[in-house]
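Chain nomenclature is as follows: A, B, C and D, assigned in order of appearance, with residue numbering initiated at 1 for each chain independently.
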Amino acid sequence: MADTLKGIYPPLTTPFIDDEVSFDNLVLNLLRYENKLLPGYVLFGSNGESAFLTRDEKLQIVVKVREHTKRILIAGTGLDSIKETIYLTNDAAERGANYALIITPSFFKSEMKHHNFLNYYTRVADSIMIPLIIYNVPKFTNVNIDSESIIELSSHPNIIGLKDSTENPSRISEISAKVDSAFKLIVGTASILYTGILSGAIGGILALANIAPDQCLQIFNFIRERNFEKALEIQNRMIPVNRAVTSKFGVAGLKAAMDLLGYFGGHPRLPLEPLSEAQLIELKMILKKASLIE
Amino acid sequence: MADTLKGIYPPLTTPFIDDEVSFDNLVLNLLRYENKLLPGYVLFGSNGESAFLTRDEKLQIVVKVREHTKRILIAGTGLDSIKETIYLTNDAAERGANYALIITPSFFKSEMKHHNFLNYYTRVADSIMIPLIIYNVPKFTNVNIDSESIIELSSHPNIIGLKDSTENPSRISEISAKVDSAFKLIVGTASILYTGILSGAIGGILALANIAPDQCLQIFNFIRERNFEKALEIQNRMIPVNRAVTSKFGVAGLKAAMDLLGYFGGHPRLPLEPLSEAQLIELKMILKKASLIE
Amino acid sequence: MADTLKGIYPPLTTPFIDDEVSFDNLVLNLLRYENKLLPGYVLFGSNGESAFLTRDEKLQIVVKVREHTKRILIAGTGLDSIKETIYLTNDAAERGANYALIITPSFFKSEMKHHNFLNYYTRVADSIMIPLIIYNVPKFTNVNIDSESIIELSSHPNIIGLKDSTENPSRISEISAKVDSAFKLIVGTASILYTGILSGAIGGILALANIAPDQCLQIFNFIRERNFEKALEIQNRMIPVNRAVTSKFGVAGLKAAMDLLGYFGGHPRLPLEPLSEAQLIELKMILKKASLIE
Amino acid sequence: MADTLKGIYPPLTTPFIDDEVSFDNLVLNLLRYENKLLPGYVLFGSNGESAFLTRDEKLQIVVKVREHTKRILIAGTGLDSIKETIYLTNDAAERGANYALIITPSFFKSEMKHHNFLNYYTRVADSIMIPLIIYNVPKFTNVNIDSESIIELSSHPNIIGLKDSTENPSRISEISAKVDSAFKLIVGTASILYTGILSGAIGGILALANIAPDQCLQIFNFIRERNFEKALEIQNRMIPVNRAVTSKFGVAGLKAAMDLLGYFGGHPRLPLEPLSEAQLIELKMILKKASLIE
């Protein structure tokens, strides 16, 4: 079952105390998620503040999490440098990561075109020990990998899927119509969980799953039971929450929501800052309206 | 039934001969569409090259089309100026337009915020003789009206719907969950026809419906019969065609495709230019692959 | 001397009372500007809220202003439609406009390329009775006409200049090096008045000149006297003011500043709104710091 | 003299042979630059393909270059992670780097605001052994640090300057008017070398200086002699060249031009690709037109 990658994966946030990684709290959160029917976790994805972690911290996170779970671990090991990406991925694999989630290279934005994506992903996939999932997230990279590149890359034996964090599910359906059915399409934001699954996605890597794993699972399961009305109803209730913990309040909002829901959220790492009092009040109202807190 | 606005509406292109409006060819196209189960038409929408038409030409188009159909006519009468919008809309209404499709004001992009949208749409809706449909099309306006504004405006008695031309169907589901069920949500691009309808839209105003009305109707009808697989299959086949006649080749591509499919397409108006030979060949291949031509 | 277009031109704001054009106040402002060594005025430019004016209102403005001045009048008559642009320009010319300031067409943003600019400007220039000044203002149009197009168009006998409202003076120097010296380059924002003149511009059409005409003239004159230090000093003092009445507070800010400086500013037209109390206080502080008010 | 940072600095490209750093060719290029009156060099800046280098490769570059020059070395050691930035900077400093050029953090683009810039730069500056130069380059980061942040940061004893790679020299003049005169403003692109120096910049870090160091020095020196006409003439001749080796053809173009001019350029590192034949021909024509090659 693990191999199907079906289901909902939370991209774990990285807890900090005094601006240093708190592995204890990472494990405490993990143990709560182990009670849910989540097939696995993403480590140091965008919301894991990967950008602010050192190489050593990333590897330690793999070690600590692997000590406490047998589930699938997907590690966010992509960097602009092909060499560094390969080294980091293989080091993470040796410590227990099962898949590598590789963000599109993006420093030279205007030059990242079809051939460059093929160059990059082929080189990386050829040299890493674990399967590669392409990660497309224009809101952070200002790069949007085209469908043609994905389709072409999908035939590489070690490139097994795509996490797409645009809000455009027609990308999912278009790609899904043209790739082998074994290629895994994963939505990267809860706002298109419903439409994405209906368009051919097999699961979601969702910031929202850090705070509302049950609701994400319900949407997923209701769709599989073809109870679309119920799925849509929950999805609609979650949209303002999802926006609050992503575009509106960012990682700081996601972590504050975790604190409100009994997980350890804490502050984001510098240079990010925690929510202001006013933002926190607004966040509470949004969670209340969605019946996540009382 | 007309009042439900359910179904598929082609935004009619405006034929030109020697850079002047050819009303004869407009009517010839119209008569072909009258054979399809299309509830109505959009006149001088974006793809009708509204931006290049004079006020008089717009009004003449309403007159000519009304002479040859009893179906719903939705006129694209929105301009930045509230005054001009009201005058033009009422003149179009007197000539037979049933609804006004009013694009978001956009000249002062960075200043178009919640209050400004409320100001604009309330003023216009108060003073026009026909119901108003809000038209959101960021790819042309660089303005994206927020859901909150839509929801607030939906309570105005003369604002009856939204055409949303983003590719993000979560906007549809989110708004649909918060507005009165009589408020009509219409997708503005065929790439989200399938997911949009599944998210609460009641129809589509689709450039693609100018060249593939049958396929658009099939997608729409298969969804209503809950035959999602079939709907998705046709949608996926149409996505490359839709892209070709919108983002890839623009109005010139749409018109060239019309010519290839037996309608009168012709050239776009200056300053736009017809497709190059190479583009035309590419377009033919795309239409062939989608089985629209042989 | 008029023909050189050298110097500083305020793009006159359009006063409104109860959301209707107040010609009386327009004339009152004008008479104050007549005391300054300004060679002329721009009528219904971007800051004249052209986007919100009807065709009739624009023509009346030409008439009223022409009744009270013998100076150069540059009318902002550009629209996406070539036909409407020609009609409006010629009507304005008959009423006393000396030059037409023609904004780049922009509705089909992604399709406005070299050939389309040539098509558009050549057609318009061929058919209007007064000389044409190209107007490039990406912050409102999201279109940035390329230097090559400008250089090619500069050889048209009726295209006599460019107003460039980017903040990039290397465009000025690059174009200036390649066009006939009779082609007039005009900066469109006070933030590059100093560097623009040093790069080959012969003047400026500046929102700032509505409220600080003396300072704009001083910058201009100090440069001509090669007193660069003094010019730069005044320019630097004016930059925060210029930002306040353009990108920061928009037309509402410009009009509020006019009120504070003894002109008639008033409210912008709907859907724009006047400044809030807090914004007004901030604006006053900015004007005070720049020694424009006490 | 070194401390003034006045003058022209080439951001050295990184030569690759078979996709591996060629230190020999790096040194060969360096020795040619040592014949010019360049006060120093930037190591692994954007055009040094820093994004594609490993940590070890960066440090080896410092070692190798320091072995062959006594001039100022400015190292591009900024990363999103504050921790990694500090470690890398101090390791580079120990190997001979004199200044750290620290790019704005940019992963969470929409959240990089005033406070976050203060957090980031203060933390980094507090902990590094060499002086910090802020590096603003929106074309790569999609982040544009505001003038207020720069002005506030300029009072930190270890933050000594700004490299600004926008094409907007009014940023230079505005900041220059508000910071201590010891704070060094450096333009980051040759297109505003002329206007930037006239606005208060004391030098330039210029991709163009890799291929046309003499011309860059001439522009700089003519301005200091107040021979503006001559400076502007050379600047205008260089603008098409500068565009070719930056926005038009990127690093591949810069390296191809180096090859044509007797330096070792070679291919950019994967995933970038060398110029096509057609691009190479165009590049040659541009260099010929500017009299850089025959």
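Following the convention adopted for this analysis, contacts are C-beta pairs under 8 Å (C-beta built on N, C-alpha and C of every residue); 3 or more make two chains touch, one makes a residue touch a chain.
Just so you know, these numbers come straight off a predicted model, no measurement behind them.
Asks: Looking at the contacts, which chains touch chain A and chain D alike?
Replies: none
Asks: Which integer distance in Å separates the CA centroid of chain A from that of chain B?
Replies: Distance between chain centres, rounded to whole Å: 35 Å.
Asks: Can you give the whole-Å distance between the Cα centres of chain B and chain D?
Replies: 48
Asks: At least two other chains touched by the same residue of chain B: list those residues.
Replies: Residues: none.
Asks: Which word fits how the chains touch one another: line, ring, star, complete or other?
Replies: Per interface graph, the chains form a ring.
Asks: Throw together a list of every chain pair that touches.
Replies: Going through each pair of chains, those in contact are A-B, A-D, B-C, C-D.
Asks: Given the complex with chain B, which residues does chain A contribute to the contact?
Replies: 167-170, 173-174, 176-177, 191-192, 194-195, 198-200, 228, 232-233, 235-237, 239-240
Asks: Which stretch or stretches of chain D touch chain A in the complex?
Replies: So the residues of chain D in touch with chain A come to 46, 51-55, 80-84, 87, 105, 107-112, 115-117, 119-120, 123, 139-140, 142, 247, 250-251, 269-273.
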